[in-house]
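First chain A sits with chain B, and in the next complex the same chain sits with chain C.
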Partner chain A sequence: MALSFKLMENVFLSSKCHRQNALHPFCGPLLTNCISKLYSSYRRPGTSPDNTPLWKMNFSFENGVDWIKKNFGLLKKELVDHVKGPEGRGFEEYFLEQTRVVWEFRSQKDLDEWVVSSDAEIGGKSEAYLKLGKNNQTALLFGTLSTEAPRDGETGYSGYCAIRAKLLKGAFDTKKYYDWSNFNSLYLRVRGDGRPWMINIYTDPYYSHQKDDLYTYFMFTRGGPYWQEITIPFSKFFLSSWGRIQDDQYPLWLDKISSVGFTLGDKADGPFQLEIDFIGLLNDRAHTEEFAYEKYERNPKA
Partner chain B sequence: MCHLHLVSLPTYAGIMPDNQTKFLLLQIFGAKSHPVRKYQRFKHVNPYPVPVPLPQEPIDLARISLQRIAADLSAKVTVYQMPLTDILDSGKEITQPHIVGIQSPDQQELLAHHNPDRPVFVEGPFPLWLKKTCVYYYVLRGELLPPGEKGEMLDSERNFYYPMHLDLDLDRGPWDDEEFDVDEAEEGPIFAMCMAGAGDQATLAKWILGLQQNNPILSQTPVVFHLAPGPRELLAASDSEPGEEEIPQSRRAQQER
Partner chain C sequence: MNPHANMIIMSSLILGPMITITSSHWVMAWVGLEINMLAIIPLTGQTTTTHEQFEASIKYFLTQAAASSLLLFSIINNVWNTGQFDITQPTNTLSSTMMTAALTMKLGLAPFHYWLPETLQGTTTMMTLILTTWQKLAPLTLLMMINQSLNTSLLVTLSLLSMMIGGWGGLNQTQLRKIMAFSSIAHLGWMTMILTLSTKLTLLTFYTYITLTTTMLLTIKLLETNKMSTAMTSWTKSPMLNATMMLNLMSLAGLPPLTGFMPKWLILQELTKNHMTIIAATSAILSLLSLFFYIRIAYYSTITLPPNMTNYSQQWRHKNQQKPYLPLMIITSSMLTPIMPTFMMIL
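Our next item is the complex of A and B:
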């Protein structure tokens, strides 16, 4: 069964913290500091690597039992959804849908799906907070940006803040992806304060040396009290890896998207705020562009 | 890799490199190189471009930013008061801050339909960023009416010969369903916006008086000021705020005479 094969695959090819300790992934949730390593392998210059041996880490039996119960529930739900149709939706919905709401912010549970980060992690002075807006109908991301670089001898620039959706997890912490192949644009209803944001889409590529590649595009907010509806076709997203825009551009593949993020880094010190009503997908039939950038080889070696 | 370092941050910063940078790039790296191509691609990507260079004078700055946030090309900008520094005979200095307001015909119509028994709120200051300058604006808005109280504005049976209200989008056909299955966040209607040199109640009251000339309904509506000492989030809490004061318009107008 496809599910058991995926399970085996993820058991042996799991994330870095498991590899580090050569542990069976079933003990994953019993360790407390694994989650941050899933998102980035950055270590602040000057700190020593974290090499605590296995017998010093905290184990908790109660957490383990809860985890097992939760995951069997998820497994049952997945099996039922597999029978219903792709991703638990019926076939009619899958073939005929033109719009889909992926993230809406109506409760604290919706906010928990997002991770907020700022350059405080590298020692900078920006702050960023995420909370529910008025009447629990929107999410408000606010804070202060400070471009003062941390004095650790290595970092040259600073001043960013970002929010990223958590990676989807299936039963027993298997990796799951969003499949957006029915759609061709991203639709956002936001209210900003005039600052330009960048939208990043993280995909999960087949080769691991492509794992830091990122598709980005800009989101320019108008500011003001009126809501702004932004539609960005996926053909406009350009490829960048480790922060550098690549010379050879490829279009974004929509069938294995792991998460989406927003970043602010416009080098203007001061407070910022962004309100998001919902994030959805749109299949714009009038949009026929496949890719906005040149796909041929730049600077060919003759 | 150093040239990538040079060019990568400005591109991500939302600040477009100017002609001087382009010339330098061309000289150093040649016409086909990576940084030059990057510059060429993202020059016209901003749908709401900020004029460069940004005017320093507060009235022009206010005019540009109000036109940007109004989102309506038919909105009219009115300067209610010019900045003035006066020295009286007694040696006391009076400074008058500038007040620039904007209102579009749609907003005027909404205000005309507003029920004068319900108060209108002046909220602010809200921040607005233009490249690297932050300006503050104030908003005159009404409450969100519960669905039962919203008046039925158009009677659909008034005229059988042709529809009084037509909502056709001729670009798209009826086979395209681009509605999202979500209740959008609703808020009270916005009647006008303004930017002022000082954020105190007296200045904003002058703005309301100025608005009264085109919107006579404001003379009968109570105006509540929700002013925060510093910039605040765009979502005004509907609970009591420290800067709240309710003054019925007519009583205040009598006091000023």
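Our next item is the complex of A and C:
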């Protein structure tokens, strides 16, 4: 088995594959405390490569059994939910709802659904933390932004902090998506510090060459003690790829939403704070715009 | 699209299945399939104003290319074993099994159906119509031509699986094109069920399916609705079309005395005659799953009045497109069962 892992590792490194190897879903749960090279070949600039041999990993059958129980339970839930209705709720409920709260922050478990990141991963000096707010009613994202670029000879720019919701996973780590096709606006109740934030919506595309595509819009916070209720129609979100706004703009595909995130990158050094009460959806019947940006034809008819 | 390119593409799209249907040489049949596939790809992704169309055309191409290569491999295997390219001559077991797999992949039968709902959801309604009707012609014809060499047990298994997946998958869909995709999978199950026993019935089922699906998709296009939520307010645009859509849905479900009941009745009769009563009963029970979601669309769009805003009730003020041949198609999709003996004589 060690030889097969070694062979897999060599194949992976030679093919530079960023996707899970076929055997990993079966052996992954058995491996504890192991840095999986099969997920990504990303290495922080300036750090030395990890040469831990694969045969030194710890196997745990208990973990494997727990994993099997959990995934079969999820599979059973998916099958039952499929019978109940769209997304496990009744049909009438699905069609009659005009608002829905998707994320609210009432306990540590709600915070665990989010991932905090900053340019510290690439050697920067920004800091970002996420904790529950007063009376466990909100989430507080705070920290310090620093635009000082790391001195590793590779990175030219720095200065971002972000949080992003974890991707939904179904049984056996299959991808699951949010279906927001019944709604047309994103509704947030936040209290910021006057800084402009970017809201990113990630629609996991089918093909890997589009994996860096992101739909973005801006959220301008007012600061001050009063809560801010922001409604952003989905028609306003524009397509960017790898941080660059694309010339070819497409409307957001609402039935395949994977994740939502907030990013701060306003090039202003100093502390920041964003308090989020909830993130929800709204079906604003008065909003009839389909897409805000021009979709030009390359060869227009004369 | 450039009119010259459009002309070439449309003529290739028509020519491809014609070559396949009229050929007795395996390579010519495969060439016809390829011409058809290459012609439909630019049509599927012709307007890249939406991300979905671009993705759908690639998904369609990858699946069809894989099926074509498997079919070519099975043809070569057949030639190696039998020494001849004639379609009508019996093939050996391995070749016929591979051909079955390749052609079912092209058709979108279970278990090779995963591409169909995603592709149909991503394209326009007219392309959905072509993909669910015209594109089925050539592979189904090839299956009918080689039906003597096909494994009945395998086909019956694939058919039952298709009916089950077509019914189960469409249960809680809210997008109408995905519902039509699962409907297509279930109907193809009925067609392939009876393939080895009676190709005439397969042909009758196919013609009926084309009529019903064309009528349904044209109705969806005229009502300009893609989702269940917009179908609920389509009565404001054209109440008559909304009512006939209900009839069409019942016909798709196979309820008597509408047209869709006719092929199902004959298939069950043929299966019973061939002592396959349990399979006939299972097929009838599995069709209840499809019946459920057809009735649900009819319930929400026609039978009940869902809550809606004032602006939705004014949609009749906007002029709708009109298709002069649609009334004839609606009549054909609803009232053909009483003249069933005529069809039996013709076929």
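Definition applied: the second predicted complex is superposed on the first by the 250 of 302 C-alpha atoms of A that agree within 3 Å, B and C clash if a C-alpha of one lies under 4 Å from a C-alpha of the other, contacts with A are read in each partner's own complex, and residues count from 1 in each chain.
Keep in mind that, in the parts below, contacts are C-beta pairs under 8 Å (C-beta built on N, C-alpha and C of every residue); 3 or more make two chains touch, one makes a residue touch a chain.
Note that the structure is a prediction, hence the values are computed from the model and not measured.
Once chain A of one complex is fitted onto chain A of the other, the partner contacts of A:285 extend to both chain B and chain C.
Residue contacts after overlaying the shared chain place A:293 against chain B, while chain C stays out of touching range. By the touch criterion defined above, A:120 lies against neither chain B nor chain C after alignment on the C-alpha atoms of chain A. By the document's definition of touching, of the two partners only chain B reaches A:277; chain C does not.
In the superposed model, A:181 makes contact with chain C only, not with chain B.
Looking at the superposition, the partner that touches the larger set of chain A residues, chain B or chain C, turns out to be B. Using the contact criterion defined above for the overlaid structures, shared-chain residue A:250 touches chain C, although it does not reach chain B. Contact with neither chain B nor chain C is seen for A:75 once the two complexes are overlaid on the shared chain. In the superposition on chain A, A:268 makes contact with chain B only, while chain C stays out of contact range. Of the two partner chains, neither chain B nor chain C is touched by A:149. Note: residues 285 of chain A belong to the chain B contact set and to the chain C contact set alike, using the contact criterion stated above. Listed in rising order, the residues of chain A touching chain B in the complex are 98-99, 101, 104, 133-135, 137-138, 140, 142, 156-157, 187, 189, 191, 193-196, 198, 218, 220, 222-227, 243-245, 247, 265-268, 270-273, 275, 277-278, 280, 282, 284-286, 293, 298-299. Within the complex formed with chain A, the chain B residues making contact are 4-5, 8-9, 11-15, 32, 34, 37-38, 41-42, 45-48, 65, 68-71, 126-132, 134, 137, 139, 141, 171-172, 176-187, 190, 193, 231, 233-238.
On the side of chain A, the complex with chain C involves touching residues 82-86, 91, 94-96, 179, 181-182, 205-207, 248, 250-251, 253, 255, 285, 295. On the chain C side of its complex with chain A, the touching residues are 48-52, 55, 58-59, 118, 168, 171-175, 227-229, 232, 296, 300, 306-307, 309, 311.
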